[in-house]
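You will see two complexes here that share chain A, one where it goes with chain B and one where it goes with chain C.
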Partner chain A sequence: MNLLPVTVALAGLLALWELAIALFRVPGFVLPRPLDIATAVMENPGLYASGMLLTALEAIGGFAAGAALGFGLAVLMVLFRPLERALVPIAIAISSVPSIAFIPLALVWFGLGPVSKVAMAALAVVFVVLLNTLNGLKRPDREAINLLRSFGAGRLGILWRLQLPAAMPAVVTGLRVGLARSTIAVIVAEMLGAYAGIGQIIYQATVQVDALHVWAGVAVATAGSLLLNAVLVAVDRRLVWWS
Partner chain B sequence: MPAEGLLALRNVWKRFHSGGTETVALHDVDFVIEPGQFVTLIGPSGCGKSTLFNIIAGLEEPDGDGSVLFQGQPQRHRDLLGKVSFMPQKDLLFPWRTVLDNAALALEIEGMPRKAARQKAAALFPEFGLQGFEKHYPRQLSGGMRQRVALMRTFLFERELLLLDEPFGALDALTRSMMQRWLLEIWARHRRTVLFITHDIDEAIFLGDRVIVMSARPGTVRCDERVDLPRPRSGEVMLTPQFLDVKRRLLAIVEEESRKTFSASA
Partner chain C sequence: MEERPSLIAPVATAIVVVAAWWFLVPLLGINPRYLPSLSTVVADGLSIRSDLVAGFWRTFVETALGFLVGSLIGFAVGVVFAYIPILERAFLPILVAAQTIPVIAFGAIVVIWFGNTILAKVVIAFYLSFFPVTVATIRGLETVDRDRENLMRSFGASGRQIFLKLALPTALPLIMVGLKIGVSFSLAGAIVGEFFGDTVGLGVLLIQALYFEQVPRIWVLIVACAILGTIPYALLVLVERRWVWWRAE
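Our next item is the complex of A and B:
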C-alpha cells in the first residue's frame, strides 16, 4: 500500500491547523496546537495507554461476540427459513434505533465496569453483521444451487461449498461497519459512565474544561481505532482471498 | 441393455400454475436416447428446453401423467439428482476456487478426499488444453477457457449421460467452432451419451447423431432426424450436399416453429 498520499495530506492538514491558529489568533482552550496535544499525551503516557488498552479490549471483545452471534444467527436463518421470517423484522426494528440509545440501560443492567461496554459493542455490531451475512448467503442464484444439487450435494454441502464463500464479501462489509460502530459505542458508553477507558478520560477532561486533554484523548482514540481497522483489513483479505 | 435405451421420456408434461392460469411448458414429450449416442436438441426460445433439461437432471418434477425412465427404471422425486452430469448455460465457476478446484468440485461433493480429487482433475488438464492454468482463478481466464473448465467439471462427474445446455452459446463464432471440433474429439475418446441443447442448426447437425427439433410452446418433439454424416467430422462436412440437405429440411421446421412463437408473443 502506498502511504505517501495520506502522509502528505496529513502533513498538509497539520500545517493548515498551525496556520489557522497563528493567523486567527485562536486561543488554546478553543483549539490547542498539534504539538501541544502530542506533548500532553507524552507527559502522561501510562494514563492514555492503559485507557486506550481497556477501551480496545472492550471494543474487540464485544465486536467478536456480536459478530459471531450475528454470523451464527444468519446461518441458522438460512437453514431454517421460518426463523428468518420471525426474527428479521425484530432485528430491523431494534437496529433502526441508534444503539447509543441503549447505553443508559446497559449501565443500569451491567454496571459501570467493562461488561456494559462489551455488551454495547456487541449490540452495535450484531445486527449489521447478521443482516449483511444473511444477504450474502442468499446471493447465489438458483442455477448455481441447482448445479450443486445435480452433483448430489445436500443442504449443508450447498451451504459450505457455495453460500458461505459467496457471502464473504458481504460479511466483510458488515464487519467493517460493525467495528466502527463498536468502537463508537464503547467510547460513548465510557463517557456516560465508567471507571476507566479513553472515553472516561475525555469525559473528565471535558468536565474540567481542559480542552488540551480532551484533544489528547480524542487523538489517542483515533490512533487506536485506526490500528483496529488495520488489523481488520488484514483479516478481511484472508476472508476474501480471491479478489 | 434394457429395451428402453439409456433414457426414455414417455408422454412427459409440465404445466405451471400461477394465479389461476395454467401455462403448459411441455406437452407429450416422447423420445428415447440410446447409450453412446450424441443427441442434439433445438427449438425456438421459450419452447421449454430448459424445463425439459431440468426434468432430466432431476431438478424439476414432470407432471404425473408421463414418466422418465433411466436405464429402464422409472424415476420419481429427485431420483435423477446425482445420476446425470449436468452443465448449465452459464459456466458457474466459483470465483473463490482455483481452476483446479473448480474442476474437482463434483468429485469433492461425491466424497472424494480433496487431494485425490485434485490429482484426478489435474490429469485431465492437458486434454482440455488447460495445462499450466491449474492455480489460476476463473476471472483470469478467457470465455472459451472458462467453458472448458466447466465442461471438465461436468466430465469428471462420471455419469453415463451428459446433459449440456447451450455450452457454447456465449462464445464468439471462431472459438465456438474450435470448441465444437474439440468436443467431438473428447467425446470420441470417452464415448459417453450426450444430450446437447443449442439454438444453432449448424451446431446441432455438425455434432449430433440425431437432431431433435422442439415445437413452439407448449413444447413437444416436432421432428427427430438422424444425421448419418461420417465421423470423425471436420469443418468441411458443413459444405457437403448431405449436410445442406439436412439443414434445409430442419431450417424449414425451425423457422415455422419460431414464427409461431413470434406471432404468439407479438
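Our next item is the complex of A and C:
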C-alpha cells in the first residue's frame, strides 16, 4: 500500500485544524490545538496510560471470553442442528438490541468494578462471532462434504479438516468487528459508572466541561484502539494465512 | 434466490421464551434483582407509558434525523471519493481505521459543543452512520466491472447513464449493508448522547433506572430499545427485498 497519500491527508487535516484555529480565533475550550492536546497527555502520562491499560485489559478479557463462547456455541450448533434452530432466533433477537442498552443492567448486576465491563465486552462480541462462525462452517458445499464422507471421514473429521479451515476467514471478520464493539462497550460502560478507565476519564472531563482533557482522553482511546486492532490483525495474518 | 427461512422455529422460540419469562421465573424463585418476571416488567412499562412513548419518539427522531443526514452525506462523499482516485487513496485508509476506533467517544466533544440539546444527539447519530455508509459506497463502486463500463461507453453511454444503469446497481447491495450498520450505530449514538444528560429519551430513562437500581424498568427500556432498533432495520430489509433484490458480485 502506498502510504504517501494517507500521510499527506493526515498532515493536511492537522494543518487545516491549526489554520481554522488561527483564522477564526477558535477559543481553546471549543477546539484545542493538536499540540496542546499532546501536551495535556504528556503532563499526566500515568493517568492516561493506566486508564487505557485498564480499559484495554477489560476489553481483551471480555473479547476473549465472548469470542470463545460464540465460537464454541457455533461449533455445537453445527453438530446438533436442533440447538441451532432453537438458539439462533434468540441470538438474533438479543443482538438486535443495541448492546449499550444492557450497560445499566450490567452495572446493577456486577457493580462498578471491572467485572461489569468484561461482561459488556463479552456481550458485544459473542453474537457477531457466533453468527459469523456459523455462516463460515456452512460454507463448504455438499459435494465436498460427501467426498470426505465417502473416504470414511466422520462428523468430527469433516468438521476439523474441512469446515473449520473454511470457516476461519469468516471467524476472523467476526473477531475484527467484535473487537471494535468490545472496546466501544467498555468505554461507554466506564462513562456510565466506573472507578477508573479511559471512559471514566473522558466522562469526568465532559462533566467539568474541560474540552482539552476530553480531547486528550479521546486521543488516547483512539491510539489505544488502533494499537489493539493492529495486534489482532497481525495475529490473524499469522494464524489464518489461507484466507 | 435464497429460500425464505421458515418462521416456525423463531415463533416457537419466542413463545417458549415469553412463557418461561412470565411463569417459570417467579416459579423458580429467581432473584428479581437479576431477572424480574415478565408480568412485573409489563406492569412497570404500563406505569410509565407516557414517559416511555415520549422517550421512544424523541430517541427515534434523533436516530432518524442523524441517520438520514449521515447516510445521504456518506453516500455523496463515497461517490466523490470513488471517482477521484487520489482522494480515495488518501482517505479510505483513514475511514477504515475510523471503524476500529471508538468514535462514539467523540460524542463527549459533541456534547461540549452543542450542550444537552437534541442537535448534539443528531450530530452523534449523523457521524456514526456517515463512516460505514461512506466506506460501503466506495467499496461498492469499486466492484464495478471495467469491461462492462467500457462496453457501455463504446455504445455511446454518457457518464451519467453508466453511473445510473451500471455503477449504482452494482454498488447498491453493499451500500445496503452499510446502511444497516449505519442505522444501528445511529441508534447507539443517540442513546449514548442522552447518557450525557437531557430530560427526554430512552437513554435518559435508562440512566434514571440505573441510578435508582430499578431492574424491571431497565428491562422495559431494553425491550423498548430492541423495538426501536428493529423498526428501521426491518424497513431497510423490506426496501432491500423489494428494490435491491440482486446480490453483490
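A few notes on this one:
By our rule, the second predicted complex is superposed on the first by the 236 of 243 C-alpha atoms of A that agree within 3 Å, B and C clash if a C-alpha of one lies under 4 Å from a C-alpha of the other, contacts with A are read in each partner's own complex, and residues count from 1 in each chain.
Please note the rule applied: a contact is a pair of C-beta atoms (placed from the backbone, for glycine too) under 8 Å apart; a residue touches a chain by one contact, two chains touch by 3 or more.
If you're wondering where the values come from, they're calculated on a predicted model, not measured in any experiment.
Within the superposed three-chain model, A:Leu148 lies in touch with chain B and out of touch with chain C [touch as defined at top]. Of the two partners chain B and chain C, more chain A residues are in touch with C.
Applying the stated contact rule after C-alpha superposition, one finds that A:Met52 touches neither chain B nor chain C. Once chain A of one complex is fitted onto chain A of the other, the partner contacts of A:Ile21 are absent, as it touches neither chain B nor chain C.
In the superposition on chain A, contact is made by A:Val108 with chain C only, not with chain B. Of the two partner chains placed by superposition, A:Ala124 touches none, neither chain B nor chain C. Look at A:Ala67: by the touch rule set out above, it reaches neither chain B nor chain C. Residue ranges on chain A touching chain B, taken from their complex, read 143-144, 146-153, 157, 161-162, 165-166, 168, 240-243. Interface residues of chain B, counted against chain A in their complex, comprise 54, 57-59, 81-82, 84, 86, 88-90, 92, 94-97, 105-106, 108-110, 137, 157. Interface of chain A with chain C (complex): residues 1-2, 5-6, 8-10, 29-30, 85-87, 89-90, 93, 96-105, 107-109, 176, 179-180, 183-184, 187-188, 191-193, 199, 202-203, 205-206, 209, 211, 214-215, 217-218, 221-222, 225-226, 229. Taken in their complex, chain C has these residues touching chain A: 9-10, 13-14, 17, 33-34, 86, 89-91, 93-94, 97, 99-102, 104-106, 108-109, 111-113, 184, 187-188, 191-192, 195-196, 202, 206-207, 209-210, 213, 215, 218-219, 221-222, 225-226, 229-230, 233.
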